[in-house]
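These notes open a run of structures that come right after.
Okay, so chain A shows up in both of these, paired with chain B first and chain C after.
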Partner chain A sequence: MLFWQILIDGFAISALYALGATGFTLIFGVSGVLNLSHGAIMVGAAVAAWAAASEFGVGPYTGALIGILAGFILAFATYFIAVRPIQRSKAIAESEKEIFILTATLLWGIITQEAIAYLFTNNAKTVLPIVEGVTTVFGVRTPRNEYFTAVICWVAIGLLWFLVNRTRRGKSVMAASMNPRGVTLLGIELSSIYLTVWAIYGLLAGVAGILLGMFLGVSSYSVGPLTASAFSIVVLGGLGSVSGSLIAAYVVGYLETGTAYLISPAYRTIPALLLLVVVMYLRPQGLFGRR
Partner chain B sequence: MFSLKSFLLASCATALMSSAAWAADPIKIGVIAEAQAVAGSSIAPAAQLAAEEINAKGGVDGRKIEIVVYDNHSSSAESVRAFQRAVSEDKVNAVIASYISEVVLALEPWAGRLKTLMVTPGAASDVITQNIAKNYDQLKYTFHGYLTSTSLAGLVCDAAKDLLVEPYKMKTAVIMSEDAAWTTPLDAGYEKCLPEIGLKVVDHIRMSPDTTDFTPIFNKIEGLKPDVMITGISHVGTQPTVQWKSQQVPIPMFGISSQATNSTFWKDTNGAVEGVFYNAVSGPGVAVTPKTLPFVEAFQKKFGNFPSYAGYTSYDDVYMIADAIHRAGGTDPDKMVEAMEATDYVGTIGRIAFKPKGDPNPHALRTGKGYITGLMLQWQSGKQVNVWPKELAAGTITWPSFIKLKAASN
Partner chain C sequence: MPNFVTSRLFWIGALTVIVALVLPTYVSGYVLGLLTVAYYTAVFAMSWDLLFGFAGEVNFGPTFLIGVGAYTAGILDAHFSPGLSIWLCIAAGALAAVVGGVVLALPALRVSGPYFGLTTLVAVLMLQNFIVVAAGLTGGEIGLAVPDVISIDAKTNYWIALGFMLVSGAILFGLSRSAIGLILQASGQDKIQAGALGFNVTKHKLAAFVVSAFFSGLAGALMVFYMGTASVSTFVDVGVGVQIIIAAVLGGRRTVIGAAIGAIFLIGMGELLRPLGELATLIVSVIALVVILFFPDGFLGIIRGGAKA
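Moving on to the complex of A and B:
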């Protein structure tokens, strides 16, 4: 009973972590940007979906679409306001750009977070679930929405895999993550690849944010912890490695769920963070990192 | 949003209208509150409303009341800075501060050091008034304008006896509370009074206010098979409520849920709050005193939403401070404290009087018959319906379909 409970709950939450971290690692892999406004984009999408449904009375599907659109817009805003100006700046030395972008995305995340708190209060919001009710499997009563969450996450990850491995546009994105100069020599505009990647990222972060809002609820306070959890999953899996992030998401998800059930919900995040420290010592490039 | 805009407009309008009419110096009341938190966001508008009403009737002995608002972003450190600025730069005569116990505990010594009267409309920790008992001369400037956690626990038990133990023969309970300053005395109060009314406490779960996934907690509680969960939550609210509904936890939630006092909570939870019971000192449609409903109506008209619990008390606090200044014959802090101690005022939440020096909780509100008795409300189809005490009840208990009552007698 407890075993099945941990298995089912852990699977859903890990799928959500995986989806959240995939976009984050993709951006890093392709353009070297560590986007610290990640949590703010997820929360922004979820709050937009909530506001559309609760304040303007649109249904759960339209609400979710508006949320995805908000994630998209926020991702592009991050790129055009916080990232691109620094990438193109002549005043900032090339070697310092990474740290400037890191700081800029962090600040942009805080600005977004404060704006959400100001406009919608810092109380937690929950997105109207698309699937209601509960199902009992192996004696475990689980909200149907939890299964729905896991399914959507894996469909989204599957589509991403298809895009990257089977389409021309996706292959050029993949190539850019391996060798940006090589891609430019083949006549592909690097900036258009960046746009594609940020668009994919906006979609993934938006969907992840909305699912999180349905599953657990989000508030402006969630921004920091969400960025931190995506960051630690990605570091654990190996920066820039999508498959590493997926596996790391499951390691973290099950470690957290197991701790919450078997020890205490209060210590939920501690073992995963300890594991991260150990991995940093023994294998600094992460479990599946290339560099 | 609309409320904020109209609030700003209204403040500007009053400032313009009445700039020439006052001869003497204004009385300044600083409001340090959490503009972004649902419970705290009513504090400043409610104080503003009270000030406008008093000013419309000629102010206090010809002096106008001015409200100076500081947003503390729910932070103790920012509150202390705001308090210092309020006293030394803005020269306020009194401060109304916060719904968070940690914030009020941080401000309490500053009220003493800067000899400035401070009333909290929403914090609950008993330690606030216990500190006054220990060091009266230094800390006498603080007044506790809301119920202490121990009183709250007592009121929840009184209601549980009438609503759950007697009609439904409930016998066991699990206490579920967030780990915060205000719940330490609350939980101690629950541990003491629940067995007295016949509810055996089978477990006591204190959770971190950072918890987002409540599945393991509800799972554990369900395994213990209690008849009811007795809650003590304020910083968390939406997430446990929504997950309680989405996981269809078959055990009722009953107790204190500060966020549920606010009318927007239905929207925040997409209606998951249906069936939740929460203690309050007031509620929409409940005429606790003749002043309650006119206040709610005026607030709603002006700001477009209903006040949170701390809005009622904040509104009363301005009237009490004005009354104390009138009786003290001015704004000398020590005389104001003396006058406040003699307060006997019927506000929106009941008859308000403070416990005297020498009591273990000096400057705490008197509770019980003749003073503040509290209510127990239940969310029913989008409305907050008062179900206790009987003489003020507007409806009877309903149960969400997923709640399974073990020994229901009706």
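Moving on to the complex of A and C:
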């Protein structure tokens, strides 16, 4: 009973972590950007879906679409406001661009978070679920929404895999993550690849945010923890490795769920943090990372 | 004309110090209390700048060092209050922070860039979890009340904070302009080449961590005995660390003094905009983002640029 409960809950949470972390790692793999406004984009999409569905009464489907649109807009805003000006700046030395992008995306995340808090208050918001009701599997009563979350996450990840491996556009994105200069020599505009990646990222982060809002609820306070969890999953799996992030998301998700059920919810995040420290000492490039 | 520039900066600095010295005669205790906190934060930011600006280590966890210093001092005082002088507690806090700095330095000597950044972030989260879980010792989420304070007089506290900031600022600035600072800068930019020139990179980086940890922990411990409490939200939270990093980058990184200017600016602005409520943080963040995007050298860069023109 407890075993199935952990298995099912852990699976849904891990799927959500995986989806959230995939976009984050994709951006890093292709353009070397660690986007610290990640949590703000997820929360922004969720709050937009919540406001549209609950406050303006457009229903859960239109609400989710508006949420995805918000994810898109926020991702592009992050790119054009906090990332591109620094990448193109001549006043900032190349070696220092990393810390500047980190600081700028962090600030942009705080700005987004505060704007959400100002417009929609700090209260926790639960997005109107698309699938309602409860179902019992293996004697475990679980909201249907939890299964829905896991399915959507895996469909989205599957679509991403198809896009990257089977389409021309996706293949050029893949190539850019391996060798940006080589792609330029083949006559592909690097800046248009960046735009594609940020669009994919906005979609993934938006969907992940809305699902999180339906599943656990969000508030402007979740921005920091969300960024931190995506960051640690991605580093655990190896920066830039999508499959590594997926595995790491499941490791972290099950460690957290298992600890919460078997020991105490108060210790929830500790084993995952300990694992992260051990991995950082023994294998700094992460489980599946390249240096 | 570098001499002119430095002398101009020198005069601005001297004027600021004089204003800070005569301030207690004119302003209320409330403003003094605010500036006391700002001065301690300035020391946090300057210590961070020594690590990032010179040693090139992206430390996301300045609050790990601050928190270790603050809580060590606080716990010692709370448990052995009348028997143990607070100055001994403060010294123990600084010492514990140095030990923390060495622990933090070990991964830094192996990994770099975002990987090291994450290690420091994890260090903060672990400390935060430990404080909450070991609530019997640390006061948990409510915070730890310490029975003693340095002084209840706002002016005395102000003088101590100001003196402490000036002394540690002078030491950190002197260190950054010395040969050690140059070697650190070199090893931050190109570790291999600095090593090839015969400098012991490991030794210097370790020294930078120890010095940064010492001042962070000392400032944290002093601040505990100014506030009378130690809590996660004032000393350890990642948000506090973020504010320190923003202060250092905003004021002008690799300058030490800029970090102090940035910290005082951030705390002052936060207070001035307080009537706006939720919008205060928003506006401060927008200002910081604009400065970082358009004036990457920060406030000090703007002043210097003005002097050149």
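Here is the rule we use: the second predicted complex is superposed on the first by the 291 of 291 C-alpha atoms of A that agree within 3 Å, B and C clash if a C-alpha of one lies under 4 Å from a C-alpha of the other, contacts with A are read in each partner's own complex, and residues count from 1 in each chain.
Everything below uses one rule, namely that a contact is a pair of C-beta atoms (placed from the backbone, for glycine too) under 8 Å apart; a residue touches a chain by one contact, two chains touch by 3 or more.
Quantities reported herein were computed from a predicted structural model and do not represent experimental measurements.
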One more residue to check, A:185. First (chain B), second (chain C), both or neither? neither
After the superposition on A, what does A:108 contact: first (chain B), second (chain C), both or neither? second
After superposition on the shared chain, which partner residues are touched by A:98: those of chain B (first), chain C (second), both, or neither? second
Tell me the contact category for A:222 with respect to chain B and chain C: first, second, both or neither. first
Between chain B (first) and chain C (second), which does A:126 come into contact with in this model arrangement: first, second, both, or neither? first
Answer with first, second, both or neither: which of chain B and chain C does A:117 touch in the superposed model? both
Touching A:231, do we find chain B (first), chain C (second), both, or neither? second
Using the touch definition from the top, say if A:5 reaches chain B (first), chain C (second), both or neither. first
Counting only touches as set out at the top, which of chain B and chain C does A:266 meet: first, second, both, neither? both
Both chain B and chain C touch chain A; at which residues? 117-118, 266
Given the complex, residues on chain A that touch chain B span 5, 9, 13, 53-55, 117-119, 121-129, 134, 141-143, 145, 216-217, 219-220, 222, 225, 257, 260-261, 265-266, 268
Touch list for chain A against partner chain C, complex: 34, 81-82, 85-86, 89, 91-92, 95-96, 98-100, 102-104, 106-108, 110-111, 114-115, 117-118, 224, 228, 231-232, 235, 239, 266-267, 269-270, 273-274, 276-277, 280-281, 284-285
For a test of understanding, state which residues of chain C touch chain A in their complex under the given definition. 52, 58, 107, 110-111, 113-115, 117-119, 121-122, 125-126, 129, 132-133, 189, 238-239, 242, 245-246, 249, 278-279, 281-282, 285-286, 288-289, 292-293, 296-297
Within their complex, chain B touches chain A through residues 1, 36-38, 41, 74, 179, 207-208, 210-217, 219, 236-239, 242-243, 246-248, 259, 264, 267-270, 272
